[in-house]
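For reference, the structure I am asking about is given below.
Chain IDs A, B, C, D, E and F follow the sequence of writing; residue 1 opens each chain.
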Amino acid sequence: MKYADEFRDKEIALGLAKAIRSEADSQRPYRFMEFCGGHTHAISRYGLEDMLPKNVRMIHGPGCPVCVLPAGRIDMAIRLAERPEVILCIYGDLMRVPGSQGASLLKAKARGGDIRMVYSTVDAIRIAEQNLEREVVFFAIGFETTTPPTAVVIRLAEKKRLGNFTVFCNHVLTPPAMQNILESPDIRNIGRVEIDGFVGPAHVSIVIGTEPYEFCAEEFGRPVVISGFEPLDMMQAILMLVRQVNEHRHQVENQYSRAVTREGNLRAKEEVSDILEPRDQFEWRGLGLVPYSGLKLKRTYARFDAEIRFGMNELRVADNPACECGMILRGVKKPVDCKLFGTVCMPETPMGSCMVSCEGACAAHWTYGRFRDHQQRRAS
Amino acid sequence: MCLAIPAEVTRLLPDDTAVVSIDGVSKEISVALIENLAVGDYVIIHVGYALTKIDPEEARRTLELLRELSTEGQGVVQ
Amino acid sequence: MKAHQRKLDIKNGCIDLSHGSGGRAMSQLISGLFHEAFGNEWLARGNDQSAFDVGGGRMVMTTDGYVVSPLFFPGGNIGSLAVHGTVNDIAMAGARPLYLSASFIIEEGFRFSDLKRIAESIGEAARVAGVYIITGDTKVVERGKADGLYISTAGVGVLTDGLDLSAEKARVGDRVLISGTLGDHGVAIMSKRQNLAFETDVVSDSASLHDLVAEMVAAGRKGIRLMRDPTRGGFAATLNEIAHQSGVGFRLQEETIPVKPAVAAACELLGLDPLYVANEGKLVAIVSPDVAEGVLAAMKAHPLGRDSADVGEAVADDHHFVQMTTSFGGGRIVDWLSGEQLPRIC
Amino acid sequence: MKAHQRKLDIKNGCIDLSHGSGGRAMSQLISGLFHEAFGNEWLARGNDQSAFDVGGGRMVMTTDGYVVSPLFFPGGNIGSLAVHGTVNDIAMAGARPLYLSASFIIEEGFRFSDLKRIAESIGEAARVAGVYIITGDTKVVERGKADGLYISTAGVGVLTDGLDLSAEKARVGDRVLISGTLGDHGVAIMSKRQNLAFETDVVSDSASLHDLVAEMVAAGRKGIRLMRDPTRGGFAATLNEIAHQSGVGFRLQEETIPVKPAVAAACELLGLDPLYVANEGKLVAIVSPDVAEGVLAAMKAHPLGRDSADVGEAVADDHHFVQMTTSFGGGRIVDWLSGEQLPRIC
Amino acid sequence: MKYADEFRDKEIALGLAKAIRSEADSQRPYRFMEFCGGHTHAISRYGLEDMLPKNVRMIHGPGCPVCVLPAGRIDMAIRLAERPEVILCIYGDLMRVPGSQGASLLKAKARGGDIRMVYSTVDAIRIAEQNLEREVVFFAIGFETTTPPTAVVIRLAEKKRLGNFTVFCNHVLTPPAMQNILESPDIRNIGRVEIDGFVGPAHVSIVIGTEPYEFCAEEFGRPVVISGFEPLDMMQAILMLVRQVNEHRHQVENQYSRAVTREGNLRAKEEVSDILEPRDQFEWRGLGLVPYSGLKLKRTYARFDAEIRFGMNELRVADNPACECGMILRGVKKPVDCKLFGTVCMPETPMGSCMVSCEGACAAHWTYGRFRDHQQRRAS
Amino acid sequence: MCLAIPAEVTRLLPDDTAVVSIDGVSKEISVALIENLAVGDYVIIHVGYALTKIDPEEARRTLELLRELSTEGQGVVQ
């Protein structure tokens, strides 16, 4: 795969690893949060942590838009899927996301809900055209990366005058979440854990550009390096962060320049802003209510809004009180600090957002970190 | 993680669609979000949409830099 | 006046409920379509069971249900698959497959022409494998109570001499061999699923492996601990099961694991991992280190094992982890599959 | 930290697609539900096939798919039926059933509690029959692609000494024996079909007949030509098949054929004929006239053959008609079933 | 079974058989048509023909309302079942009745039609109540016996204000068919075969009484004996017919007096005449168009008439020209006179009405008569 | 053939329905077409409806006649 394989070269990686080791000051810790599950995935998929010096520690951020979806929104979708007229179209990732009391869309499907997995928003439109006597609802979810395809099909449904297609909008925005983490009392006041810098999203940034992260550098004094998802991209980004820390800089730098620009994809941004607008607040699993962090359909597109069409009531389900996701997402605690980890909460039966997707911090620790702990125990 | 991969555009089709190819796998995608696309361009695709064109010059430059950084690292005596 | 019937209209006809109700329409379907496709002396006797001679000693028995969708895919169809899958489960015990049974559950409306193609594939796959379908059953269910056709095959085979391959036999130090590229079947199937539709020339690896197994047994004898065909859940699920059952861990070397570029590309596209994707013509063998080289050579010499590789070893590990050193140089765990492997956006 | 899971919630839980996808949910279902219900040393080894010893010589193999609706009926359920039906097909060859395989095709949404009841019935029926379910398979299909649960069982058994019962062996002059009342199973099933719903205390005759068969073989030896269990299509279909395969006709005496009054009544109500209604615990034996009396006595002495009767004889007939002298004194033909046997108004 | 078993007594039957033999004049033939398939069935089920003297011959009449249904009406029903909104409820007998070119409702079901077997008209109403978003059509068929239950549920649907329930009415009347047979040129002019008397319907007569057969006795000079369906009933009826012939009488006599009266079931007749009325003509398979022989819904119940609701076009399909059903139904020919009998036309693949139901003359000869032919050949 | 059989009424239910019994088989049927029905009556049922009550006196008389005719027949020397 061109533009992928070159960035997975082991030899170059070894050199980069040495460069990081030599440039990182062994007298201080470097705590970098990778905001994005894509980076978390690359870390575990390629075993990057093994290649970093001990004092360079990666903190797994809110991960992915799927796992931060709160149980209440899943419950709302399940209620929708229980309506006999509704066909609920979802991305495959959503199947196992837990609602309240062990519910999930997978189980709702087993119990008779007409829930269909789609690969693309275009598939949902096709299903609506083929089932004119039914109500087809697309469960839209995703960061800024996944939002433009939703906007595109809402416009398409309008053009095709499809009366049976609506969108249950759950799109979320990354910069407000980053801000929330930085403003968290645990970090700013209690100060138990510091984040020394951010590895910034790759594909989100393709759409929104690097500019939205400048607040982070400016207001919170944290360096940000936008990084591609290939392992060499990440190692370069880590080296760039080490250098900024060493040089007491806090700028937004762009490692992923082959795909990301400062302004992002203008056409995609316009498509989104034509049709969607921020909600006053949106709930994130683990983070709670975050201001201006979610999107909804604009008033002029209300007829495509499933929440309006079906008079859906907002449901709120309290996270399991023992779940430490909030602390973990903010880098304050580690998965093993959670009493539920590995006993009640496992990939097949996730309790919190960090276990839901394989990119979540707890899931990553389950598949990867347990092994590291184990290696370390064996070594000691 | 916004799963997305680089793919080569092999055919432009009507209605903002195109065929892309990844190592012998080809798939029809939407290119509604991209301007000025040509066959031979590489794009990043996500949920069946091209999100951006890859800038080959920037890619070349990044790789060159990676090699340099790596060589610097290799030169380091630990 | 001998009772006879108009011939089955294979071209235009389809299954209706009368083809499953024990009357003449059913007997005509069985004799006119199934027996023709995989007829043999046993079926010809028309009993509800068939008797066969065995040399005595030890036998193996297995079964699998086949519910693949779509029914026809690049490299095979549900019929050939139903033979290969069951032959392979027999072969994985090191046994020689002999006889198969086939139970058909057919949805009304299923086209005779499709059924005939599938029956012919069964006949052909059985001939190639040297096994016989000696008994069968046909049920017809109402529309909306199946997905065209389900087949359950069972099979028996003989174990010649004291071979006892079993999932609990892996020992620390054993080598992990695989007989070729991973994920071909799953990717070939997914390429034809309506909602995923992508184009690739990857075809299913569906094949009967008993002959390859015979070569391996000849080369490795008592050094072979166990074999498994990594079907549903792929190589990852198979190795985790073995780890669990044998009470060992495994350490794999990613760069030794053969995956076709197009399979890797399709997996990247869908957010899947080839290690979890189904195979239908591959085997995993756990062998003692002393025979590993010889067995691997025997595998590579066989047409169905050309791309065989030694991909890792069994290690002591109370957690029974399957670890992998990535081609990038790091380490990771190859865990069980959680839930279904679904195409993802994230 | 050993990988473990929350227990299956048998009371409230149900099958979802993850239970068929080769991951941990499936392995938990198999070990927590199936193995518990019919666990044995073979299943415990967790292989995709099981090996067993046989004395050598001649074996029989059979398979049947079970698609019964409703799944639970008076006198049994799909699980016990799947054991009895396959045990019986083995027994009809005069063989001793030994080992069974079970392939489950489950619709998502199927309740664990129902699955457990069914699995327990399988275990119980196997124990009673003295057979072991030594290998199995589980597939889960989407809602609307099954009818709750389908089971295909296959079975093997051993033929001890030169017995060769087969459908072509009936000879003119042979007697036709049946082991009890006809139509009980079909009527019990129909009484629970939603659109027919009538009340009756008829229960399915579903039972394993191999022990009865052993007694018959002991009593009749070489005089037994063949046996069949008159399942789908009933006694009429079975006898027509035999007539066709052996090239003989049959002449039956209606007044000797045992039918329960309630079964006869239900059949009158629905416009059916008990001779065409399914049985699952009855057999038809064609025996030479010299052993008929002894075999019949042996049958009557067995609890499953108390109502056995000699109901007619094989006659020379180029048309292979099954004729019957009615209890009224006239004659009729008992033909094959045409199409499905459906409740009628006319 | 009380009121059934007593009428199946073998000993009494033997005496009756002797009585018939002794009273029948061996110098002349007695050709009696049993109009009803129920009688045909009793003849084959109990082997009655074996018990009658050779000169007393039974001719199987139009048999049953299912097998006389013409292919065109089946084609109409298949078209209806192909409409996605329609659930077609049918009696089980209809499944295999052939439409044109080998079509049948069984095959239409296999090809996707939502066709459901019901035991009673009440089941069809229940299905309509459970599927309010679909159109439930009850395929009504039957002689006068089966018509009142149809009328009852049309009234019930009206009472329940069921807007999705309609009836595809195919009810036929027996007296016009009897008249058609008696007026047939084959019988009256060409005179090849004579019918010396009729065994009259049992259950039809429960509803309509014996009175409607009086025309037959009076106008056509043929004796009619209404007979129960049990074998002793039939034998008695045959004896009664023999006596009428011997005594040159032609009256309507009622053997089945335990269930049949001269006026029939008044309530049932009223129920039917409130809701249904005769068609000008109706096609019978084998007999062709017979005046005033079918029923349709009255104008006031048009909203329950599927033919109106769905604008169903009357379809006519010519019977297979080689099929001799018409001649067989009129007693002019026998099944073995048909070239298709036993070669192309068999119970699994019936061509004409006489093979469709197991009570048809050809089907009865297939299951029963072949055996008699065979016995006779062996005896000779 | 208008399949219909005699059955004994064992229970009267609301809405013109009743339970009938035939040799240990019982079934709910409609009695909308019958007047003055009582438990113990025998009816002829067809497609789930009672069509008429059986007149026990007429049945007895028919049977008696059948026996007579039969005895006459038996007496005949052929």
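Note that in this section contacts are C-beta pairs under 8 Å (C-beta built on N, C-alpha and C of every residue); 3 or more make two chains touch, one makes a residue touch a chain.
Chain-to-protein mapping (UniProt): A, E = Hydrogenase maturation factor; B, F = Hydrogenase maturation factor HypC; C, D = Hydrogenase expression/formation protein HypE.
Here the structure is a predicted model, which means the values were calculated and not measured.
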Exercise. Would you pick out the chains that touch chain C and also touch chain F?
Key: D, E
Exercise. Tell me, please, which chain's centre (mean of its C-alpha atoms) is farthest from the centre of chain E (Hydrogenase maturation factor)?
Key: B
Quiz item: Computing the C-alpha centre of each chain, which chain sits at the greatest distance from chain F?
Solution: B
Quiz prompt | Rounded Å distance between chain A (Hydrogenase maturation factor) and chain F, as computed from the means of their C-alpha atoms | solution = 76
Exercise. Go ahead and note the Å separation of the Cα centroids belonging to chain B and chain D.
Key: 61
Exercise. Averaged over CA atoms, how far is the centre of chain A (Hydrogenase maturation factor) from the centre of chain D? Could you give it in whole Å?
Key: 55
Quiz prompt | Computed distance of Cα centres, chain C from chain B, in Å | solution = 37
Practice problem: Provide the list of chain F residues touching at least two other chains, using ranges where the numbers run on. | Solution: 1-3, 5, 22-23, 46-47
Practice problem: Would you please write down the residue numbers of chain D that are in contact with two or more other chains? | Solution: 1, 3, 17-18, 23-25, 261, 264-265, 268, 271, 319, 338-340, 344-346
Exercise. Could you tell me which residues belong to chain E (Hydrogenase maturation factor) and also touch two or more other chains?
Key: 1, 4, 13-14, 37-38, 64-65, 91, 96, 106, 119, 123, 142, 146, 348, 357, 359, 370
Practice problem: Give the pairs of chains that touch; include all such pairs. | Solution: A-B, A-C, A-D, B-C, C-D, C-E, D-E, D-F, E-F
Quiz item: Which positions of chain D touch chain F when the two form their complex?
Solution: 197-202, 261-262, 264-266, 268-269, 271, 344-346
Quiz item: Which positions of chain F touch chain D when the two form their complex?
Solution: 1-3, 5, 22-28, 45-47
Quiz prompt | Touching residues (chain side chain C, partner chain A (Hydrogenase maturation factor)) in the complex | solution = 195-196, 261, 264-265, 268, 270-271, 317, 319, 321, 323, 325-333, 335, 338-340, 342-346
Quiz item: Once bound in the complex, which stretches of chain B touch chain A (Hydrogenase maturation factor)?
Solution: 1-6, 8, 22-23, 29-30, 32-35, 42, 44, 46-49, 51-52, 54-56, 58-59, 61-63, 65-67, 69-74, 76, 78
Quiz item: Tell me, which parts of chain E (Hydrogenase maturation factor) touch chain D in their complex?
Solution: 1, 4, 8, 10, 13-14, 37-38, 44-51, 64-66, 91-93, 95-96, 106, 116-119, 123, 141-142, 146, 231, 347-348, 357-359, 366-368, 370-372, 374-375
